[in-house]
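First up is the structure itself, then whatever we jot down about it.
When the chains are written out, they are named A, B and C in that same order, and each has its own residue count from 1.
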Amino acid sequence: MTDNQQSLVRVEDGVLRIAVATAEHGTSLSPEGMRQGIDALRSAGPEIGAVLLVGEGANFCAGGNVRGFAAAEDRSAHLFDIANLFHDFIRALDAIAVPVVAAVHGWAAGAGMSIVLHADIAFAGPGTKLRAAYPSIGFTPDGGMSWTLPRVVGLARARELILTDAVISAEEGVRLGLLSRIVGDDEIQGEALRIARTLAHGPTAAYAGIHRLVNESVHRSLSEQMDAEAASISAASTTPTGIEGVDAFVEKRRPDWSLGANAAQQ
Amino acid sequence: MTDNQQSLVRVEDGVLRIAVATAEHGTSLSPEGMRQGIDALRSAGPEIGAVLLVGEGANFCAGGNVRGFAAAEDRSAHLFDIANLFHDFIRALDAIAVPVVAAVHGWAAGAGMSIVLHADIAFAGPGTKLRAAYPSIGFTPDGGMSWTLPRVVGLARARELILTDAVISAEEGVRLGLLSRIVGDDEIQGEALRIARTLAHGPTAAYAGIHRLVNESVHRSLSEQMDAEAASISAASTTPTGIEGVDAFVEKRRPDWSLGANAAQQ
Amino acid sequence: MTDNQQSLVRVEDGVLRIAVATAEHGTSLSPEGMRQGIDALRSAGPEIGAVLLVGEGANFCAGGNVRGFAAAEDRSAHLFDIANLFHDFIRALDAIAVPVVAAVHGWAAGAGMSIVLHADIAFAGPGTKLRAAYPSIGFTPDGGMSWTLPRVVGLARARELILTDAVISAEEGVRLGLLSRIVGDDEIQGEALRIARTLAHGPTAAYAGIHRLVNESVHRSLSEQMDAEAASISAASTTPTGIEGVDAFVEKRRPDWSLGANAAQQ
């Protein structure tokens, strides 16, 4: 069964699970996973509270399908199409405004590493390895790596990590801020799913607001951002989620976030 | 005695000390501290060489007064007013261009954590804990947290820390770059005051220039910033502070920064 | 022999080596090194594949020549000229788009620390020490330090490191992301040269693209950057470098990057 014949996305308990790579083509980025992922992300309704990104083969994602690049009649056109498909996936991931969790086992190289840099929470194990992997085939980055990485480690270290094609261990990845936390290699998927489920049943209206504020902060001055924050916190306080959050706090009970979720679905 | 009846700001030896929270209302952000702080920051003359931010209760600041939110007749209007008052405080803090030191003991949650992210130097102790604390009541951040945090740890880790409402230990806070250094819990205020005093009697004209250059760098290209740096260092070299600094270096003696301070006051 | 009489730049095996300071004037920033460096960087052709920055005295670079500042008839004009010369060097370094390696032994203070922050790879040893060093003479930063540093550690820690004039050890420098790696003090130059040579014979067309993408990312949105990345990776795939990279990968052999280098020289 090839990628095209199987479903690479599924929804379970509020979590939209997307396989960005499979065992096919050396666990390289799956164009079919991108296509199905884009459709699922764009059509997601309020029943989706979190996204879980996984690889279904031996790695999270070992990068682009280099054999496919080599075999293309017009390499330039092929790369342009593949990159644009990949980037539409990243744009859809960025637009959905629900928490994104990545279960990063084995290699996350090239496009795989690019994806990890977009995840709100990235679980790794001792066997996880990140690598830019672009210059080793004479290429330049895609998936936004040249934009996200400098915002984590600064421009100089970003250039270094990409230029030198450094293999980054899980521990180093956490130290640099590229990965969130390390669990056992065989616990990565379970832990990532557990957190994704928990977040999917959390205060999703607040999560959407947090996602928007943080992402929009990039092009704003501090003062402009505080105006946006004031508008957002004021609006949040009268949503079902914000009302329940404050009431539960005062009444010293656990908030029932399903109130907000139900309201959002109406 | 309530907050309104006591002075939450005082000037001592060149240091403007502002209490951002008191024991009242569960060590939540003090609107009176904000009001008095704004007035003091805006009217500060050259006699003020540093700002020291403290909490007067058991914590630095445990966040907004959630009971106050719950009790408000119009929650949305109340939150809007509170956030704008808070943001005017942050703007005044940002505008004064003297070093800002925070003595962060116990919890710095929500608005408290937001304030810490604006301090040039943030002292913590083993008992210090940071927490975004917004989504747990169904809210989104304020105080500029959605702007400052991504600039320290990148967008993904910023979203993670806010979304998951992670409790951040002092050690983790230093590792992430949110806190400066750890001393004993009962030494935090003393050490913070000591540094604030030292800075208040330092080369304040240079400090003001450093503050402006770093903050203005956000929206400039590297080349534009270097033009601003060249203008600034050239101007600095003929201020009393810059003349004294260079002369003292060449004469192998300690600079007398009071020369610059006196000149600035004239 | 003074700086003016000797050559402070030389090309060896594809590496442009520039001495930013010599034993003269207390290992301070060498204006002659800047002038020769600017000329060499601007006139560099495809035979240059990497830049190596070194100090030829006891330190990498101990900062500006403060005695020279003191002796200037017009300090303001002198500082303006020196800063602009220095900044033209940084601009030329930024424009050449080949990997920049710094061999940072001993002190990298003031302008020396500024230079380190522009290097893609900065080698240090246990004896390496960084220090902003501007406020101690009543000055404000130059060399882009007020722009690069906040992008590595955030605005607050950047202000702290500059304001407090902290001495930063090699270990702390690596932790903060200011330095790349630590080797023995007497291995710094050798290791830096070795890496510079390796990079000089690598996929230089890809390195140039990586350099441009990362640096241009600063003022772009994520979506705009991904458009630039798609154009770049598509173009790379049909350069001699990109063709050789993909072909070698598929044929399971080491790529011969001289193909790309030769092509670039034609």
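Quick note on the criterion: a contact is a pair of C-beta atoms (placed from the backbone, for glycine too) under 8 Å apart; a residue touches a chain by one contact, two chains touch by 3 or more.
No experiment lies behind these values; they were computed from the predicted model shown.
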Cα-superposition angle relating the copies chain C and chain B, to nearest 5°: 120
Copies chain A and chain B touch via same or different residues, half shared test: different
Approximate Å spacing (C-alpha centroids) for the pair chain A, chain B: 33
Of all residues in chain C, the ones touching two or more other chains: 148, 151, 153, 218
List of chain A residues in touch with chain B within their complex: 99, 117-122, 148, 151-153, 177, 180, 195, 199, 202-203, 205-207, 209-211, 213-215, 217-218, 220-223, 225-227, 229-239, 241-250, 255, 257, 260
Contacting residues of chain B [partner chain A, same complex]: 66-67, 69-70, 75-80, 83-84, 87, 90-91, 94, 134-151, 153-160, 162-164, 176, 218-219
